[in-house]
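These notes concern the structure reproduced below.
The first chain written gets the first letter, and so on, giving A, B, C, D, E and F; residue counts start at 1 in each chain.
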Amino acid sequence: MLIQLKKVTIVAESLLKEGILEILKAQGSTGYTITACEGEGSKGIHASDFEGRNIQIDTIVSSEVGQLVLTAVSERYMKNYALIAYMNDVEVVREDKFK
Amino acid sequence: MLIQLKKVTIVAESLLKEGILEILKAQGSTGYTITACEGEGSKGIHASDFEGRNIQIDTIVSSEVGQLVLTAVSERYMKNYALIAYMNDVEVVREDKFK
Amino acid sequence: MLIQLKKVTIVAESLLKEGILEILKAQGSTGYTITACEGEGSKGIHASDFEGRNIQIDTIVSSEVGQLVLTAVSERYMKNYALIAYMNDVEVVREDKFK
Amino acid sequence: MLCRCQKQSGTSHIMELAIQNLISPVVLCFVLGAIARWVKSDFKLPDAVYQSLSIYLLLAIGLKGGVAISKTPINELILPALVTLALGIITPLSAFFVMRKFGGLNKTDAAATAAHYGSVSAVTFLASIEAAKLAGLEFEGYVAALMALLEIPGIIVGLILARGKGSGSLGSAIHDVVTGKSIFLLIGGLVIGTACGADKIDGVAPFFIDPFKGVLCLFLLELGTVAASRMRDMKQAGWKLIILGSAIPVVHGILGTAAGILVGMSPGGAAILGAMVGSASYIAAPAAVRIALPEASPGIYLTLALGVTFPFNLILGIPLYMKTAEILSQL
Amino acid sequence: MLCRCQKQSGTSHIMELAIQNLISPVVLCFVLGAIARWVKSDFKLPDAVYQSLSIYLLLAIGLKGGVAISKTPINELILPALVTLALGIITPLSAFFVMRKFGGLNKTDAAATAAHYGSVSAVTFLASIEAAKLAGLEFEGYVAALMALLEIPGIIVGLILARGKGSGSLGSAIHDVVTGKSIFLLIGGLVIGTACGADKIDGVAPFFIDPFKGVLCLFLLELGTVAASRMRDMKQAGWKLIILGSAIPVVHGILGTAAGILVGMSPGGAAILGAMVGSASYIAAPAAVRIALPEASPGIYLTLALGVTFPFNLILGIPLYMKTAEILSQL
Amino acid sequence: MLCRCQKQSGTSHIMELAIQNLISPVVLCFVLGAIARWVKSDFKLPDAVYQSLSIYLLLAIGLKGGVAISKTPINELILPALVTLALGIITPLSAFFVMRKFGGLNKTDAAATAAHYGSVSAVTFLASIEAAKLAGLEFEGYVAALMALLEIPGIIVGLILARGKGSGSLGSAIHDVVTGKSIFLLIGGLVIGTACGADKIDGVAPFFIDPFKGVLCLFLLELGTVAASRMRDMKQAGWKLIILGSAIPVVHGILGTAAGILVGMSPGGAAILGAMVGSASYIAAPAAVRIALPEASPGIYLTLALGVTFPFNLILGIPLYMKTAEILSQL
């Protein structure tokens, strides 16, 4: 009953929200979950405190879509923006929700 | 020293909080962590903005309890409510906290 | 292009924030993400609601650093404080960000 | 002839009232919020603050209403209270009937929608108070108590109408409704206001009373964005429902206004009662219905309540009920 | 005979005071919050807003106190300040002694509890001010400065009492206490208020002064839910401790009141000082103690401070200190 | 000789003004926030509340400005508006030139910085209003409208200056700027204020007008911590840039003040215009620049705007512009 899928997680400055969600949609993700967060990494400075801190975007996708999303996000944003992206295996109920 | 357990994650509209926590307890989970989040999926509409957005509930459990929780939650809520549920492997310190 | 690393997750009462971040730095983590959360576990009581609820700290690290962080955190805090800690595998883009 | 003449001047008067009503900070903030959504602005009131503004508004309504109750002889309250309760039982029934007969909804969806039209929208209530003030109409202070009375029965009648269709026990549903934060705070505020009376509430007036209208503006700014999202979902509801979502408030609103005049309320108070009766809840009812009637479609009841009926009342309904009250009071 | 007679009328007066004190928006909001928890309402002030209300209250107390200091000749301040400092050193010692001797606590738990009773509860302080105003008592404006003075020494004495028992350096613990947000904001507000004086603070009065009491209501609504949770944990503390948690504030409170009268404060000011001395901190102290004394059980010190002593003072303690001040001032 | 004499007394007057300006709740709250960061206090206004305060301030500025517009004959507005637009085009050019020539920045970084200096800091604007009030200077109510005018062109000019260097379309960048929440709320407030006029805005004054300055204090408390973090990043910017970050506001500020006097504004109004022109945006501009010019380094433009120029203006710039206005108006 459980199906093996991937959870892709992207942590980025919140200004990138719209752009990342566009990528998700374009690559075939059917849904996402956003959480507000803070953090520190290699890029110390964030654009604007008025815009809120970081966001974490999770999306459950197939392994292929996961690869595509990671590639697209890192190509578009990794160089100039504060962003990390990774994925891990998850066992999911009701796979039809994610297709 | 590290023990292999499961992390079950449930993302759902926040109205379901009490019900989901009841299920967790009933199935043998010893603790949980709740995070506020937003999201989109197959069900576009949430019941009430006054009640807050989505919640993400994580619980660290044994593999068996994880299966039970996923089954119980999806049977009770998946049809009519906005909800996804999945689990993944985690290596945990101090397993006695989770029994 | 994807590299296998570990994501260490620590959920703790928020008073411990500074101390945990010190440990992360000392053990060689290069970044972290903090999310506000609530929860329940074996220790029912938290020190002060004025100080905010729980926090969840995620850090992407190598397997060795992950072990060190888990050991250090649990040795220093597990006995007296509300805290859980675990880690899981993640596949990461651009490993150079985490070294 | 006099009647027709009156009617004409009445109609023009309604337009004036409507325009005067529209050009107010409260309404314009709602419109600004909707525009924010339409032009895809990234404006968004943080969730925590939006929830806190709700808490503030409900508690403040309660406190104010409680002070009014503490000043009103009980026998003046009884008749309006009874009539309000009656309307809280009648209007979900009529909404259910209309939604089944003309709206083509199944039993559960019709009952869920009925629960919303039977209950009351706190913000419509507040907007009608502002409109009454703007128009220079006096009204009874105890209307906030009537609002609390009107919130609950409609929801319960709606849930009863849906019964048989599986779902949990009515008892626990009622517990949820009454302890749900919106009704809990409203009633809590009423009790505190009544117990403390005007003198002691005066000390908290610079927080709960004076800035109230401004807080309402901020709340409506966010509500405008939410309502604009709902308006986008209108296709799901369909044109038939959208027309009904404008017709029902007119019927219920005029009924409520007439009932208010009948039991001797002032024109202002009757119009406010009309606005309440004509309004559809989108805070207390959705939460209760979502839990008790999970099969009902939020795409229908929420869109009707927040996307259709609320803006309709805000812009056209309230002036209409005020005009109705004026005409009826002169009979 | 005169004395006994006075005592009787005194007793009845305390009941009146207690009831008058109870029926106020501030106290009733606290009760409403506790009820919310008991009936399992889903009411909850979002964390971010609750924290911000704390920030507001502490800064506002500071500003107000600062203005009062700027108006008070220093030599008037010296004696009350010294006596407050002395009480901040004596009361943790007495609380420690009692908790060890009669409470059966181990050294660490007793010291942790002592730190709480040695420090002060800002909300009890505020409630005592409201009660004094309600009773028509005048008081010295500089009491807020005394509160700031009273916050710190008790915590430090408590930490010293626990020493030897492992734990980190006292120096870093003290740094944490002083830069902890609650004390930082209070002192910051005092300095700003003193530097600016009444005229310049007037410009921010519509935000920091006028709505203050209303904000306090909202804060107490949430604090009521938190305190109600603590009351549930009372089993962990045990009956003996609960009795001590009511006895200590009486002793400390009367001591503080008497000291206030002795150094020439007005009855109102002395009663407020008594309420402060009798209160137990549940904002600054828990945070400091949790870090510096991790082995101490929050199930004991938090339950005592917030679940027992705070409601006791709110409902019975404050009227008692006011009556005490009245009697002592007539001697 | 008269001139020199005047100049001397002018200089001393500036110090007095600066000190009087410093000792105000608004400035001291900023300083307190910075201290909080320096002593590593855990004070932190929750993000949700900080964002909401921004929303409140921008909407309130808009409403107030709108009321002023509704009272001002249009022909009085035209000249100041045109001059403001011109300054919004000139100042990014001069800042770009200076940053390229003397600051050693590459084209993108210079353009990004220019966008900030061409736009305006709402909080500097507010602080200059408070300072003018404190100094007893009258000013034109429509300055808030000028601020809205000044926000946008500078950003657009900055983005044009950077062009060629890859990046997306200018059109979508402009859409982002105009629908960005800060400018959207400011303009929305202006429209609502103008449409409603003084009478109707009066009803929301106890929320949007009276407590405004106090809210500003709370906002500045948090902004102080943010600015203090930026000051730590100054090494990244380098001394040359820090000096330019103080010199540019002086030049632009005096230019703006002189322009204001020239078009017949009162000394107070001209000084406020000067403060706006001399200020660098750290709300609207950073968000726009970050999206449209990703290669530009926030470590430079943010540090200059928030870490250097904002505190400079708050403490020295504003008194300087006021003195300048006074002198120029006497010529």
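The working rule: contacts are C-beta pairs under 8 Å (C-beta built on N, C-alpha and C of every residue); 3 or more make two chains touch, one makes a residue touch a chain.
Keep in mind that this is a model prediction, so the values were computed, not measured.
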Exercise for the section: Determine which of the two chain pairs, A-C or B-D, is joined by the larger number of C-beta pairs in contact. Expected result: A-C
Exercise for the section: List the interface residue numbers of subunit A and of subunit B, divide the shared ones by all numbers used, and answer same when the ratio is over half, different when under half. Expected result: different
Handout entry: Whole-Å gap separating subunit A and subunit F, where each centre is the average of the chain's CA atoms
Key = 35
Problem - Mean-CA-position distance for subunit F and subunit E (Å) - result: 42
Problem - Chain centre separation in whole Å, for subunit C relative to subunit B (CA means) - result: 20
Problem - Residue numbers of subunit E (touch at least two other chains) - result: 42, 46-49, 51, 181, 206, 211
Handout entry: In subunit B, residues with contacts to at least two other chains
Key = 35-36, 51, 88-89
Handout entry: Interface residues, subunit A side, partner subunit B - complex
Key = 1-2, 5, 7, 30-36, 60, 88-94, 97
Completion exercise
The subunit B residues in contact with subunit A across the complex are 9, 11, 35-42, 54, 56, 67, 70-71, 73-74, 78, 84-89
Problem - Residue numbers on subunit D that touch subunit B, as the complex places them - result: 47, 50-51, 54, 181-182, 226, 233, 282-283, 286-287, 289-291, 294-295, 298-299, 302
Problem - Of all residues in subunit C, those that touch subunit E in their complex - result: 13, 15, 36, 44-53, 79-81
Practice task
Please name which positions on subunit D make contact with subunit E in the complex.
Solution key: 46-49, 51-52, 55-56, 59, 63, 179-181, 184-185, 188, 191-192, 195-196, 200-201, 203-208, 211
